[in-house]
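Provided herewith is a single structure, encoded as structure tokens, for subsequent inquiry.
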């Protein structure tokens, strides 16, 4: 569904990503792990079109989208979440989701199409799904940190994407809800969506991922089945350490 | 040849004047994110303060001496106005940038109107030292002496402000405070005071600009500050919104382009040259305009 | 794992460094904290736990004066509920916010220099704990990775002597290896400086916390020794909706 | 019930306009729309003071015509034509059959059509735009127009045949009008006219001074209104324009006399009016009338005074009937503070004498001195019939 | 990190409280949050009632001393009210950019002036009949908006503000230069009286000009309502709140902003056309940066992002601007010391100070203040 071929990214002389090639197929979940600053978020940014790579190619649903804008890619069925929640702060949680639902539909900003309110049910069920029921009317900027993360996830799910990129969806989510959200992401994957997920919660990655890619200093250190990768000595040394 | 020398020299002088006017604006915008529409009113305040001071001093004094005292008065009044405005009007609105800008808009309306009410709408003549109204022959061109003064002052101001921002702790705190005032406080630093200082500095620069511009124009009038403000804005934008060095470069470029276009190009082009320059910068390098806060 | 229970961690007998007495926080119409009272003893780590949105962050903000609060808050015996944030901090509280809040336009070094003007990134703690930051001293903090920003945020408070540290989810977004390292750092710091820690990572809590305070819907629902909570799986499940032991397996 | 006519008063009493004709004894209503605030407030103030003196003089101190007092309603336009139109509409609606004022040309040109639309008398004030002359049958003027200024300037050159004349003007309607007028007046007499137009956005005037110097004209006509005047004169002086060229410009109000700076005494001025320009009964009445108001004679006090004379004359002859008032003013000859004036019937141009002057240093002040007086016919604008 | 657009969003809410908005916030509140049935009906009816009252004013021969010059339906009052309404409608059009999309444009005056001048020019210089002239004015202005927008939208935030200011300044310069004698320079250009219906000319016909202005306000109101309720309206809110997020959701932020700018400018140009008809001509005041700034002042005064706010702000500002002149020459000031009196007799001084006071005490505008008071009294 989405694939990166020999992607490199350079900024101000520093090589942030170097020759990274990865592919995520439909119904597959790729876990991306690696030390802080390895280039995971940068990679997600490049896949989603927020930044342009300095070299290499990105294809989405077999089309070359290397130069396509984030908007174009979104219209082609790609959705993503941000590591630092990026929400419409002045709107309510419900409105945030509503916008995400609408944006995916036909004519997302036609001045001649009424916005409609039939989606209210959809919105509430999405918010329930990410374990934040009854928060629809709260302004996004007033949400607690964990709730912001959940809303971020809800918005990525709202558009029923074909490709889903998640940047640390579990960071700051309370221990109680981690399992639930993990389950949701699993379901999404099972419904045929290609998911790439950056995550530091190892039990989440291990529980979900079909394959795990390890980035280290901008390079692909290892790719493979979860158990295979975690038992790799270099991965343990660079990333896992004495895991808590 | 002598024409060209004359145009370049006066263009540089003009650029210097633009820089002095824009520096305070750029400082306040770059550091506090407040686009100070009252900057023109600040300049007017400085100019009138100097004019009143010069008028109050004994005429027996040499004009240059009175002017120096006038400049000091203009700078002080500018700083004072900046200080009061920050404490009374800007500070309580610090989370609301647009509102801060709007307050300065209101201030610019009221300030000019007040000056007009008190001293009338007509320009009043100011004394100018004989040397400054004279000229010096350079390569056959008669260069007005006052332009040298403006260039010198602008250079000193530029160096001073750069040093302040990059070499002092005050500069560091200011730059941090712009981004996240709450967090600076949460690090135990009293950030209010530093912002007041910035505004006072910007006001002082405006006061200086006002006095020098009134010398340049030979008169003070209520709308004078506002007329310079437009160019100051353009200079700040071309210079990259809040970058002091960018502002300096842009000021000189705008001054020269305007001067040369006014002489060599058709009247219409000369008039629009600055706007054309802006559009050009915009089309060629839009990112350079996004500037410090983007 | 080291058993840290042997270190002096009870704090009983000595006066608490921080006391909250019936603290309320209201935002507009919403009553967020509804009478929170607890004490932070003068040593060790006190963990503030609870589900998302129960008011943990708000509690820390109330202490430091970033939330509109009422009630009594005492730092080392003196009331601070009306003191300004900058004063409270100068009075000895270090605060690590949950959103990191580094100054994106400033370099790493400048970020640290705000707190320690003469040392910046040269300070020994930084070199020891976060060598990555030393290497990136001239990089604008806004371009750092999430984890790197977290390091800046942590390093910033460690540069100064504090009477108390308020730390909000310090390990969020950190790689597992770094989580361990940070846990060790916190444990070490806590030996000299009391820490009030908000954390979702329960294994970490179990490893370094001495006492826990659990919030629910703006009220304290549990106070006690960390060990007791860990030992009581049912209680953990009831308060936090999850078992600590199972988490620890990961 | 069903609503009546929109805009109708409550009791079908006297209809809005024309409260003037019927009931004798009721005051004549005159509306003034002029700048009381804003950038032209000083002009406006002079105008208003002159008007008071003028009405006083023309009514011999009674302030009434045929026993009916003249009641004046003032409205401030702050120099903004939008405000002026609203004010004029209001005044006309209140039954004022005479509107006077218009300090700025913009206001005059937007109010003039209202006079025609509503059939009221409009006497424009200091606004100098040539286009006010001949605007329509209902529009008159009490001041001079640009053409007369320029013609006066031309007179200073003597025989202009073959001479080079340069106009230094702001690139605006005002400046363009001056360039056009100079070309028409002096070009017709055989002068070569060129112009240096200064963009409104120019801050530094050195390039234009250099251009003027380069053109080396025999006569430089400067048409400058408002800002930057001192800088402009200083620059011209610095670049040595005065060494080789005769420089002519219009003399503005007293407050600006100090603004010519060092070169004040080197400039030849044309003047519409200034203190000491003329002496006759009207002038003395103006001076006395202003003194009562604590003011002194200045440029636009004349325009107000003349407007007062015209208003009174129109009321005396027309008794408030607009058509009669218009006819009575057309071709009227009378003495104003400047001397003898005539309202030309064809286009309502106000034919009037003009002056040339110079500035003399008097201590720290500069005061204007009369050099010459030009007869009205010498500077009369060509006829521009009504559209 | 702060970005210029963050500054903008602050306009809508002050320290966490929601700016009081009518039922037209970016997206309607979920069902549970809807105003109660009756209140909601009232809210819906209010515009209709207000419209009916306004439309009836020319039949009201009552004097309101001090408030209006003469009778309510006298020509002076109706002309004043018409001007207020036109400017109110123009403020409404500006709010599409500023309040709804977060675009701080300092060049909106450009499009209003374009509408006004293009109408007078096409009537007088090109000799077009009125309907064609209106079409020409609207078409060309919209085209202009498209071009200017396409260039200026390459930057955002304050830079966008400055760039639009520069464009407006250029337009102002061009108008002042009176190219080919079409704009009349600083003197403006009167409307060709023969080209417009008699009903729009003359003092006695003030009611018709008033109704024309009212009609424009209705058109602008309906257009803004439809726009805001449409998907485009929601997209505009999204762009205002978080541009990057809007982009990754698949909303073309550039196109959304361009759409907002063009739509706002179109309404603005329409306002310009009506302005020229109501005032009987075009004048360069419309092109000045002061006029744009005053539009901003109006919107903020009333409350950004709300139709009532923008409209009310525009109407009140224009009214105050016109009537303050009366205050300054009124007897009230005569007893004061000279300096104070001179200062107070400057309408702009009073307006400026009043504006500061409003921004200061009612950061979400007058409607916001009103809403807050209502809510407070309601909650007691």
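Chains here go by letter, A, B, C, D and E, matching the order in which they are written, and residues are numbered from 1 within each.
Here is the rule we use: contacts are C-beta pairs under 8 Å (C-beta built on N, C-alpha and C of every residue); 3 or more make two chains touch, one makes a residue touch a chain.
Because the structure is a prediction, the values reported are computed rather than measured.
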item: Chains in simultaneous contact with subunit A and subunit B; value: C, E
item: Central chain (by mean CA position); value: E
item: Chain at maximum distance from subunit C, centres defined as averaged CA atoms; value: D
item: Centre-of-Cα separation between subunit C and subunit B, whole angstrom; value: 46
item: Interchain centroid distance [CA atoms averaged], subunit C/subunit E, Å; value: 50
item: Centre-of-Cα separation between subunit D and subunit C, whole angstrom; value: 78
item: Geometric centre distance via CA averages, subunit E-subunit D, whole Å; value: 35
item: Residues of subunit A whose C-beta touches two or more other chains; value: 142
item: Per-residue overlap in subunit D, given as positions that touch at least 2 other chains; value: 37, 171, 199-201
item: Per-residue multi-chain contacts in subunit C, two or more chains; value: 27, 104-105
item: Touching residues (chain side subunit A, partner subunit E) in the complex; value: 48-50, 69-71, 74-75, 79-80, 82, 86-92, 94-95, 98-100, 102-104, 107-115, 117, 120, 123-124, 136-137, 139, 141-142, 155, 159
item: Residues of subunit E defined as touching subunit D within the complex; value: 56, 58-59, 61-62, 69-71, 73-80, 83, 169, 173, 176-178, 184-188, 190-191, 193, 201-208, 279-281, 283-285, 321-322, 325, 328-329, 345-348
item: Subunit B to subunit C touching residues, read off their complex; value: 169, 172-173, 175-176, 178-180, 182-191, 292
item: Complex contact set, residues of subunit E against subunit A; value: 9, 12-13, 16, 18, 25-33, 226-227, 229-238, 240-242, 244-253, 255-256, 259, 263
item: Residues of subunit D touching subunit B in the complex; value: 37-42, 171, 197-204, 206-208, 210-211, 214, 227-231, 233-235, 238-240, 253, 255-256, 258-259, 261-262
